[in-house]
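Each chain gets a letter, A, B and C, in the order it is written, and its residues are counted from 1.
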């Protein structure tokens, strides 16, 4: 079961602190590269202009915690990296509980969850804590310790190009900027890694561009560096996020809504789960925001399990590898994307080599007696053949027949073996 | 409350007898001109050929009434001009009740209503009377008096051109041929007058062509005189009728059904009253019949309150300024058309000045902390911006987002102030 | 009642044994030619290649029956030609019941029905028998007699060309290869014959190509001989099958689904029976399979009563002229196709001769008094006229107005008489 292997890899990556920048991101990319030797780890320098933005300073943290009046160490970053507000500035001081509370973030309606919070572009410090722990804090003076640094450094990302017969590209993008959270985001990193391993072994028709980047600033920077090539080459692609739980399948469209990626995503998900959720472009929230922005206009959709911001544990310590993300959930996410890629690779058009129906009987594809037969297979074969007119690709035929792409592809192989059609 | 002022103006116009032609029409146009000094009162001469028609003779009436056997004066035109069949020929004679009844029009199912009836193109005389009064008439000899005249004269209409930056035109047409009836037709005259006053004070982009004409023969004559110019210039327009009661909002499409006027009318009405009534071109009955006829093909739709022929009081003395047309009803009709014009004036297309999403945080348009925020305003702003690709006008964006045009326009202003978009 | 005449002709054809080839087909064509003197009986020779197929040998049968151990003659072909498996090879031998049963075909769920079965392209012999009779067969030795022959001969078909003003063609195709079965197929032969008689008396605009052929191999052969001419000329057409019972009206589309034939079929059937059944191209099963195949692509749809394979009696001895096909059923099928042809012949476009509405009053088409009128006829006339813009054919106008084509055509005639429109 490949889901188990994907889940094991997620556990390996779990403790690492990821953010827009920093040491944790490089560690993450190194572990990915161990599985994908051709991955290139690249960088942007702090201060570099990318469209309307600037690459932020590199943030690293050695340690962070609070000491209570009783001497207990709480909110310890070494125990759970969610405790520290992302991009916190260094601080070391003693303050009263009342003042401290201005720097503590919790979620009253989720008493046991440590929330996830960041302040990338405004200098601040803070800690995230469960509501339960916060409400039990004793009065008195607390010692706050954040040994962090903001320096001119780099923003890293990983890029893997898998060449195909065609220079036309399929694009996969996933993000590496969240600390220890499982569905959003580790599921994306690990499923993308395993997809890349699988694609590397294909005799793939298309070239694959696969990137591991920080969300928003990372995708903006990547586009600013590669826009022309991406617009020339990319025919389809997916933002890979939230592909690890087992509660739903979801589709979020490209801005255009009718690209190849959209058609593929809807087809694949419908045949996995007829009740898959369909979101709107207005519900977007990840890097499709950049890939589909006006003037960029790439054909990028999202295939997900339960979508970000649509489940309780989202952006908290409860989004974990035990209760939320499971081997079975990851395998489902992996297979949905694998099916999508399979479809894109095989979505050719064929044309019948005969005018009128061919004589199927003499090819042993049709019964010689007109009675007492199971006609369903013959009917499917004739239906597929009747749409092999050179105008319909296999995805269109699958949709017309309301059959899965793989069912139709199986029939196409029989028709090819019998010299009844040719690819055009 | 502007509805009150509009209603007051309607009261002023109420007693005047209007028809296809005649003194009452000139009085009506004079009172409109008192509010719109640039209105030009123009004319067609009796007998003039206009397409398949001829301008009829001018009809005027000094007095009209019937004297009963008891000497009572009934059906007195000076008390209610509906009593006289429109375009009645002069008559002065004595006749028995039995014969008289051939010349009396009433509505059995509405015992208290005086109906409205005309005979424009066939010489006749007659009186309109309530069913109740008619059924109580005593036997005996009646004296019939109609002091009317049909002479070679003119058919008048009012035309107001309000120049805009562009020579492209928005067209408003309303009719001035019905005697004292409130929703159909006075509401159209008074709302159009007040709209013209409001437009005159705008820095309008488009030129406005606003006409006050007799229905059918008037619009046909007007088109015959102005067709080329109208076809070159008019980009949208509305026939203004039945805009004064407060029971419904209604839309009647152009023949094409998908012109700018249609899109604007549907958008505006949906955001005023989600349950607005949608009629079909097959339900038409006013001057859109001419404006949208084959070969004329102007983009004219109708925004109404309760549509002609769809309410009991229609074409009777009960269509009055007390029970049917109200200040509140008129204000609703005025505002719907005002919103439509506002929309047309501002329906531009914009394009984002950045590739990818801009950095909203440094413009104070996005929170610097990722937690505990109200995201709805930010989300709306990003959604509007994501469709500023130069291809979508603001009406399209409003429809995609299911927001009112004015809501979207407010966001556009913020984006403009922050140099995030430009008009194209 | 024409249904009675059609039914009588079906009775005449009933006893003849029809198959892909043979004497029975020639007898059938001779009886059709007696009604349609211009019918040409043509042929393909056994062994001739037609696309991916070969014309089979000619099959004839003198007699066929089984003698039971008790000396009774059963499964007698002279009593019911369904008893013999189509294309049975000659045989004369004695066999035990147990072995004989391998050559007997019956339908367990329909104990009284003799099934219809064939083995055109694989040499076999066999008999068809009711389940009831089969289950009562005594043990012992049976004598099997089939005096049939398979020889190099011909495959026959009938072709009738009825010239019209235009060389553009309407195509009707029906099949002549089934033995004694009524809805599928005799109804098709007889209704097509009567349609051809009716068309011969029309001043038809289009040329009619009407063929009587064996199903599948016949239509394939016909296409192979006439493809270029058919593609150049045919603008619409119908495969005529299952038009004789009175239980339903049905439509099966062309592969394209939106040809003139499809629009006509749907319009005509909707106005005969609002609940007519709509099938999909995936439900096809007759010669539309060839006419609409990729590269052939003719605009052929099907108008049927109860569709083949959708009624219990289909392909059995129960599909008869008493309980299934009736005079009333045949008349319904005839009229549906007649309406379709009427529509195609008259589906012109017209343009109004006036800008704006014409003055209908002076043509006595509009009341001169505005009150107490029935407006429905005037409204229909104005609605039809409003769409006479040169762009809409009468079928489009009928669909827009949701009126039957004949209702609209009646209005068009009034408009023509009054010089209000002209044909374009």
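Going forward, a contact is a pair of C-beta atoms (placed from the backbone, for glycine too) under 8 Å apart; a residue touches a chain by one contact, two chains touch by 3 or more.
Small disclaimer: the values here were computed from a predicted structure and weren't measured.
Asks: Return the chains common to the contact lists of chain B and chain C.
Replies: The common neighbours are A.
Asks: Between chain B and chain A, is it the same set of residue numbers doing the touching on each side, over half shared, or a different set?
Replies: Chain A vs chain B: different; shared/all numbers falls short of half.
Asks: Counting in whole Å, what is the centre-to-centre distance of chain A and chain B, each centre being its mean C-alpha position?
Replies: 56
Asks: Find every residue in chain C that makes contact with two or more other chains and list them.
Replies: In chain C, no residue touches at least two other chains, as defined above.
Asks: What part of chain C is in contact with chain A in the complex they form?
Replies: Residue list for chain C touching chain A: 51-53, 86, 105, 115-119, 121-122, 124, 216, 219-220, 223-224, 227, 255, 281-282, 289-290, 292-297.
Asks: How about chain B: which of its residues touch chain A in the complex?
Replies: Checking each residue of chain B against chain A gives 351-352, 354-359, 361-362, 368-372, 379, 382-383, 386-390, 401.
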